[in-house]
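The letters A, B, C, D and E name the chains in turn, as written, and every chain counts its residues from 1.
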């Protein structure tokens, strides 16, 4: 089966783990005479149009199957319906959910959900006793990223605390120092902030320094979406509370292999949806996670 | 004597704190060449920029056919029939000869909203005008101006002004970069324009050129009219003195040769103006 | 006659498919002014650009003091004592007079790696050099070049070349934008340089200027040396003819005045070269 | 950047005229762009196979080109006139959000949404234009300022009004058909038609109508252009209005087509449009270029951007491939033009 | 953009010299930048209160200024020389990733990592410089190409080598103290020292050493500069090497400080450095500016960027505030300089 996967930006850590899952599933597809094509956004600047454009590109390639995150349903639904109408089997991955998959006629949903993951993070903070959580958003306006912070805020609010988002202007994106200093400033300004969560693993590296510099080590706790080596080292060392893990490797690996096997062999999984998260990586499960990170799968 | 086309009355011009022109009164008449003379920085270019709508006077008025006018933009002066070749620029290196010639007043063909630029006609007229200036090498109106020599470009700019100069033609040092032949052609053009009844304002640093075409001379010294006289009223030596800033100079352009010969190659001592 | 400082042997220069210079042979000697004459586009500037290391000849050789040399960059020619004022540019509008004067050869004070630009000395020398050219208005070496008039800028460029011209001074149309007084000063400077034993190459379109300072004349027509003669060997009329491209012309700069007088303002008919 | 570069390419520069000889064709500004286009077409056909050139595949890059091209042409005209407009990057999400908030969030008539969006586009253009002509600040900086300002307004207002950064919009009927639909239910966006029509209109405006000449004159030498009687201030404002309105228009059509609008930086349109324009043979220093060249440049960029998906290259290297291909396209563009010139013109020096 | 703009500001332009009168002080290129800096300082002190000016608050913008400033000065020198370097945006992550891969992933000596990072910085600079001087392609386009190419290389190689896009790095000992630590365990990054030292070195190089003059000459008129005997090609390459090496250096120091490197990011350095340079009084058209001005411009930008966190403004409006403040800073810079000139200079026309 010829399968196309649509995914996030090239240099986004999360989506590189997705890519690892795809790459690992590819030999199985190819062994059965198929191919896998990973179509990635170049950036998140023109989000909905670019995603839909990629779906249309996939349709134009006359693939047999399509794995697609349903980030912006209003925009993507018509294109996904067109794909299904063109005889392409679709699995929703990472964003969308079971309901949406049924509605569109996709064969399954594999993933967690940005919003649900955010809620899990917010609740984790709440359970840990945090009362005021700041979600650092270095890509304000981007749909999937906004969902993360929204989830965090709803999660902590649900536990009786409060949360807010800190949107950073584009002039700060990618400058570790500008991000760190912005967080530090917020911490200095609002003494009650006792939890900080960043939308990416890289920003957490800046946040860690910011917390330290604000003199809040131990009082303001740090969480992050996604993981990198440095973040896991911090969890192990006790300077970071947790990372939210959707297990992206499983999302793409399972989505691609399920879809290929459905198309090639007619298999169907009775489980609907297939949930890969949200999982929380904290001090309790850090060692197993570290092993996966070294192989690029976590 | 005919009535003046253009008259300047008590024109002053300052750029911020810098006063460049003081109480200028001048008139230009049809069929007459006014030579504007003066040292570097005397204010000649500034004066003609006021006449061509590039600058507005700080105080004072301009009269056209005896009626006060204001030239808020070059276009207005142009529409009043005043056509100017400025000292620098005026052509566009990456444009074709035809387009550069007609810039701002493009000829069109067709009708209504679908009037289109008439390339063939523009090229033909431009090439003819430039050839009339003696630049017979130019035959293709599609050639880029940037490919022409400095002299050829200057000739193109002058040809343009002559072509559009309905009533007044202003030339700011048109012969500065030109070779002997081209300069002679420009002087002819000036005479031809005068013969057709245009008023011409001609700026030059070369006495010979001034005397060859001028009917009327105005000398600017430090932004004020220091002398205003007609052809024949002053000798070449007097004019040269005035052009050099008004000081009487021991050594002048025309004399240096003889001087050098008698002084065995030693230059005369500098006299500070 | 002294031995030539610089000699060009069979120089040819093409820009891609365009042949600009053909088999040029020329010599310049110390204490002598070589006037390079010719129509617009004849190749004068290209020739001196070869001498100053801006362009390299396509074929042919340059000899300095009888030894073959190659000038791969302007710096090399400069270090050989050849100093040039090019036809356009040469000054930097947003630089101070002192810095512009010494560009590329900045004077320093201090020692070792902490040699610093000696602003005071640079300004003093630059102001003195420009004042020696007759521009006494300039007293502050920190003023920006862009604030000077065209003539003042030209004088600055010439003063620079004279100051650094150790052996050969090349001036490409130095008097084109200058007023009568400034032009006279430049001619004096040329004579002064000659007297100091420099070789001078002087390009102009004004016969008067050429005859005032030239010892030796070379006329380029369409990229080839059409005439090469010494002072006194040709009349002014002959020289003017040559400068105009070699065709004998019925109307020349010097004649037009008288002509106009006798023909009642009608210009003579154009004679195509 | 320097004033000297303007004079350098004269040698290699053709006239705008159109004789029919091969030489003069090659000397036109769009010739290099066309060759660059051919080269990337061949490259991707070789590495990506034929899907890429089938109707469905073609629509994939034509749609991208259409969205970009509508912005790139006015940006290119500004560049020809010697100015830059960076703010288009923010105008795309601004346009999308305006129509989505008015006709989606508030549920008002889509025509009102369209009218207000266009009006905002014109307004920002007027502000940019006025600031450029009234101050001595270069347009790069002015529009960089308005880029940030508009980004801030979009984010701030959208969150203030809708409490969200993503607004849904459902459009039916003629507005959908005209602005945001697929042609005949197929693969091509209606935007492609807009793009072609606008390109034709620009070609007419720039290369045939008498006013087009003015833009080249302004880029060649603004002072001389004004002295020649061209209303340079009015033209400058007009061009800024064109570019920001076009960007708002593209954003609006995207919102109608995709039923939603997001707040986003939109910076990718900035570089993408500049690249398309320069690959299309417009001189960064102004005064030279052609609409058809920009048209080819846009297609070249779209093919490079989309073509990657049709090849087997590892996606991680796509930025490298895009960078190298763009450099090659510009270089080819330059060198080929020079080669063509020396092969076809043989003129005497003096 | 046009060649004509170069001549426009002459009126308002001061000399480089330094008399001690108020008038001549105001005419220096950095005067406007200094006033812009004062204005934003007052603005944020008024709206943000004193935290902003306490040591912890000051370090917040000084650190940002230091990171940006090390890149902004060589970018500004390029602009003075009439060129642009966009590729710094990719060099920051490139530098960070190089040291992280060598000394983090492979665990080799940090000094080797530092040496290789610097060597890569020099290499990219050489390539940029050579491409600019050998081809007629404007440097904006050349470096846009290398921006993409380097981005692609960083991503591709990092994933190939480490299977990840984020690499951890732990540095101890002198290298940490020298390149990536806080001073005396306090709030200020050691980068601030680097920044001050480098700024001093640049001030010496540009305004005191004889070679600084050459850069101004190149930006004023490249052909005349070459004719005056300046090795313009060598200087151009040197400047490109400086800018890309500086960017790689900043990335490296960030990786050492934050113990980690990401392949993403860095693009903001492009616009941020251009803004700092122009706010600092450098002419976009080349030939005019000063290192001290760029220094002030960088601080101004850093304050504008960070100041909002000390105010009560809704964070969603930060981009708007940045945009408006920057425009105002540039405008003030221009108008004030003009005002100062007409108040202090009274010279006669002829």
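Please note the rule applied: a residue touches a chain if its C-beta (ideal position, glycine included) is under 8 Å from a C-beta of that chain, and two chains touch if they have at least 3 such contacts.
Since the model is a prediction, treat every value here as computed from it, not as a measurement.
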Original post:
Hey, what chains does chain A share as contacts with chain D?
Top reply: E
Subject >> Distance in touch steps, counted as few as possible, from chain B out to chain C >> reply: 1
Original post:
Looking at every pair of chains, which two share the most C-beta contact pairs?
Top reply: D-E
Original post:
Which chain has its C-alpha centre farthest away from the C-alpha centre of chain B?
Top reply: A
**OP:** Go ahead and note the Å separation of the Cα centroids belonging to chain D and chain E.
**Re:** 29
Subject >> Centre-of-Cα separation between chain C and chain A, whole angstrom >> reply: 71
Original post:
Hey, how far is the Cα centre of chain B from the one of chain E, in Å?
Top reply: 47
**OP:** Check each residue of chain B and list the ones that touch at least two other chains.
**Re:** 39, 41-42, 89
Subject >> Residues of chain E whose C-beta touches two or more other chains >> reply: 4, 6-7, 9, 11, 151, 155, 159, 219-221, 223, 267, 271, 287, 316, 318-319, 322
Original post:
When you check chain A against every other chain, which residues touch at least two of them?
Top reply: 10, 16, 19, 140, 167, 169-171
**OP:** Could you pull out which chain E residues touch chain A in their complex?
**Re:** 51, 56-57, 59-61, 63-64, 66-68, 92-93, 104, 151, 154-155, 159, 162-170, 182, 187, 189, 191, 254, 257-260, 262-269, 271-272, 305-306, 309-310, 315-316, 318-319, 322
**OP:** Report the residues of chain D in contact with chain E in the complex, numbered from low to high.
**Re:** 1-6, 8-9, 12, 79, 82-84, 131, 135-142, 144-153, 155-156, 159-160, 218-224, 267, 271, 274-275, 278, 284-287, 314, 316-324, 326-327, 330-331, 334
Subject >> chain C-touching residues of chain B, taken from the complex the two chains share >> reply: 38-42, 87, 134, 136, 149-152, 173, 176-185, 187-188, 191-192, 194-195, 205-209, 211-213, 240, 243-245, 249, 251-254, 256-257, 260, 265-268, 270, 272-273
Original post:
Which residues, counting only chain A, touch chain E once they are in their complex?
Top reply: 9-13, 16, 19-20, 140, 165-178, 180-182, 184-186, 188-189, 201-202, 205-206, 208-209, 213-214, 228-231, 233, 293, 295-296
**OP:** Enumerate the contact residues on chain D facing chain B in the complex.
**Re:** 6-7, 9-11, 13-17, 19, 24, 204, 207-214, 216-217, 220-221, 223-231, 283, 287-288
